[in-house]
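So that you can tell them apart, the chains are marked A, B, C and D in the order they are listed, and the count of residues begins at 1 in each.
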């Protein structure tokens, strides 16, 4: 069996490392090229010691022509804007791409530019690809992903929020304004040292940041939730940093509308919605998701609860931000794009504890 | 200067230890008696090694007569129900008491029994004291505390939630249904080992528990918030366990009502409301509370934000659950009951990092 | 291809859970039976939620006959003494066993009884099997493991200490008294709640325990180190609990004897010793092991350093206590016993960060 | 009572913040001037939010003349070399100084230059002050500190190592080569973000660094230990980073010499040695230090154990690196220099948990 030759562009960040970890477990692929900026020239084991003895590759600088010659498929794990340029160069050469940046997640160029544009770079670097890109959440867009050549892997927070609310949005049982209170591990901040991720600042406390519509994952949530609902949905999003490396726990609050329904009605809705999904488990009533139970895995745990006293719904989800929230889901998408078993290399259980 | 002689009843739990730590710093008191159940007979330094060389007292079994003979003032840091009996015995002997249990926080006996009653003990053990007890949140009830002989120190979650929302509730600028999403350190679970506080289970993840009106701090929040608002207020409360020892961060979500107001209006409201409060700091716009910044201190940090895009308010508070959320606030109440400077022994800054 | 049918006896502890996680990744085995004491009757997903959607088995009480009828191979992950009885019952029925308890690690019955005997149970429960059992450290005993029917998976601390010092012991370049200073994650304490593993006690500090020959892993280290050295080796062993779930870092201190050697001599010794070992990486000079870099993997990272100023050697090793220090190594042994590729299901890199 | 006017030079690092926290609790001092480099111009509450509402001072750039005009006493918490220049300028103006850098800890200029000299700055910036400076470990040099005008506060690792071994060194019961295996919280790395202190890199693992005589605290240990012993003592020092913010646990290994002594002999030696020391507690036999039990306090917990099987001694100490290991001890020294009660503002117990 010929293996699919894979290039990982942007291997020096945490999502890059997680891609390599998972791809090494994949029976049908071969990592042929890894590239990065400042880390170019180093052996991967000097950048990520966990690969010592397992992957003996030198990191190179990205060259589209070289990647196209060596590889059949590329993952791009680069900062936004930079990613769009690399993706464009690879798509020109007909390389299939899963992009892990934000560049192709938003369908509307203006929305992208409003949230991601900077003075230095106000315009999307490759807007012509926006219509081609598919939002890579298999639970919502499986068929489109299967036929896609360019997939935008969803953001970590949006993955957690969308999976939490999708069943309710689909049937229209809630008001279109939702509160998303998410707690993230610190790996979400990336590998560049900063005071905000400096151990003594953050190791033994918890804090919110970029609250009330400041976080760039907001429009992505609204785009996808609105699509599910078939109507405009808005979110008030509060991200937090919690002293752990991996994981996102999202509490999504919504107000019920329409007929009075029981906790059992909501529970059944969720179980039915996700019954064929291999990576999403709806927890039994009375159990709640815990990020420790999905750590290192591509799985999502979801619960739905009704606060009968006051008439509020609470959907909770737990994912690993680097896996189902990023690199694991990216590989799940690749599996779909290749027509393979969706779970190849990402079927494992969390390594708990 | 004669020192006030203090008894700490229930010294073996974490709130007991925190009381001892703070009382040792207090210039006007002397710890004369410490008691506990299973730990009776041991020296405090064998139960809490941090006191070795600082406090050389043996733990005894509680006897009301003995405490009344030796002490002028008692803190009770016992489990609920058990505490009410001890408090009753001490009040009969005219000892002033700050009780850290839930037994005297709720004014209505039926509400207490509905939330705390058990099959074995359906009835409040000392309902005759309910009318005498004052809810010990100085920022709301300072005058009443000054004249009280029995103060019920508030729960940790309610302290954080009430301080977050009090300004808005007071002026009636929000709907009377609030969402309280709180993240707590694990010391809130007490010192008795359990799977829910076992390091490997919770050390590197985050999870919600007792969501949607299952947690007993719910009625306490509603009682106090309704009193501030002068109208029925309901909360949907979601507590979480975060991998840290101390601290509570509360995100309180509310929907504005009435006239359209700007972020500056809300900011000013908060700054005015707390301007004379020594223990509450309203953070400048754009800054958000962090439990690390109040750890070990009796301080609360509060912020107020408006999500203008969607019309939602988010008030955030950070406290140390064992200090402002429990033992520190209890001592703040004692200072008031004694007519002393409110900040004696609890004036310190957080030990950050 | 027929799959090997596996029974996991003692699936409710952390080593049991880790066995299940790894076995689910194994292409040549099938988990047919899982048993435990108090957890019997429950579905595994209710005991370990990470398996929800992945493994749908009910936990049963152990019955040797039933296991022998259903399974070809058993892992025993039970407390010592209890394990020996189960192993004896399975060996009588000719089931191959890897035992993860301490019961068959020590060759000498008297040594076992001296360290593990209790007043209630002073005698080894199955001494007749001691001579049959092979110590399951593949790097030292690969051939014997390949031919074994009963393998005793090594303790976590001994694995780390032996791998750190084996090259030096083999060539006799050090004094036969070594200091072993090991730092362990808390999962090593097992899943039963205790004050010693209660989050608030241990979450934000570090401490030694059972120092100076009190820890039961001491004789196991000495047995194996003496065997390598061909002479009596003694260790002074200091275990620590560090606020993390997984991992052991061992600093092994030894004094050089004989000819003067350079740092390069020691480095070469280590690289040569481990050059054919797939699971042990000797780090380049100037790099030191980090438990985060082996977490969740069956790998060991080892370094050797010479303190030239004072004439001391320091060998450092990092492993995951639940994987290479326990369940991963147990599966590595099974692979050898079955004549398979040694790395089946345990070849993965650490999930770092 | 006139208060001593204090300047804190270098208030933006963690030791600076800890100085401010403790000085705010001090009844006889007043903080009049705080300075720093990049943080100059900011209010302290914007740099360290824990001081909001407690200390309303703007950070200024250091000017020796201004400090001399405003203050009576200065703490310097600056990087080495930079500190020496500031200290020299202040001493010229007859300001008493406690310096927290390494610049005045080593008596021998050559030793300093060998360990701290750089190509850019090979020479000690103020060697003329070396003979005046007193090493600020009160347990060893109390009388000298009382008469000093310039005190060099000891390093955190040396404080822990020296306190652990001083009794044994004093009586000469051990070989003069000791192994120091220390585990530190991450605040020891300072507040400047770096990969080595980036949460995801170190949050859930443990690792050694700068082993075998690479760490600059080595000569400081040897200087002081040799002075106690009255003979050359060498150490092989291994520092570690542990996932916690504060604390150092040191295991000091030594080989006994001379007459055979029992565990009780060693225990008595330690208890006698430290019997008059208010800040050092020798733990009872069978108990071992835990950094959590000294966190936030100026206390040291010390144990001594004999491994009778193999003839090794293990002394363990626990301190808070920022308090007894740095700023707390600096204030203890100031108290001595001023002729005050040594424990003013640093008498508190650890805030455990």
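In this text, a contact is a pair of C-beta atoms (placed from the backbone, for glycine too) under 8 Å apart; a residue touches a chain by one contact, two chains touch by 3 or more.
A quick note: this is a predicted structure, and the numbers were derived from the prediction, not measured.
Novice: Chains in contact with subunit C and with subunit D: which ones?
Specialist: Common contact partners of subunit C and subunit D, which must touch each of the two, are A, B.
Novice: By CA centroid distance, what chain is farthest from subunit C?
Specialist: Computed centres place B farthest from subunit C.
Novice: If you tally the C-beta contacts for B-C and for B-D, which one comes out higher?
Specialist: By the number of C-beta pairs in contact, the winner is B-D.
Novice: Report the inter-centroid distance (CA atoms only) between subunit B and subunit C in whole Å.
Specialist: Taking the average C-alpha coordinate of subunit B and of subunit C, the gap between them is 45 Å.
Novice: Centre to centre, by mean C-alpha position, how many angstrom separate subunit B and subunit D?
Specialist: Measuring from centre to centre gives 35 Å for this pair.
Novice: Give the residues of subunit C touching no fewer than two other chains, as numbers and ranges.
Specialist: Only 14, 187, 200-204, 243-246, 290, 293, 295, 353 qualify.
Novice: Where on subunit C does subunit B make contact in their complex?
Specialist: 14, 185-187, 189, 191, 193-195, 197-204, 243-245
Novice: For subunit D, which residues count as touching subunit C in their complex?
Specialist: Where subunit D meets subunit C, its residues are 177, 179, 181, 183, 200-209, 211-213, 234-236, 238, 240, 242-247, 249, 251, 253, 288-293, 295, 305-312, 314, 316, 318, 353.
Novice: Using the touch definition from the top, list the residues of subunit C that touch subunit A in their complex.
Specialist: Those residues of subunit C that touch subunit A are 14, 17-18, 20-21, 24-25, 48-55, 187, 204, 245-246, 278-279, 281, 283, 287, 290, 293-297, 299, 301, 322, 347-353.
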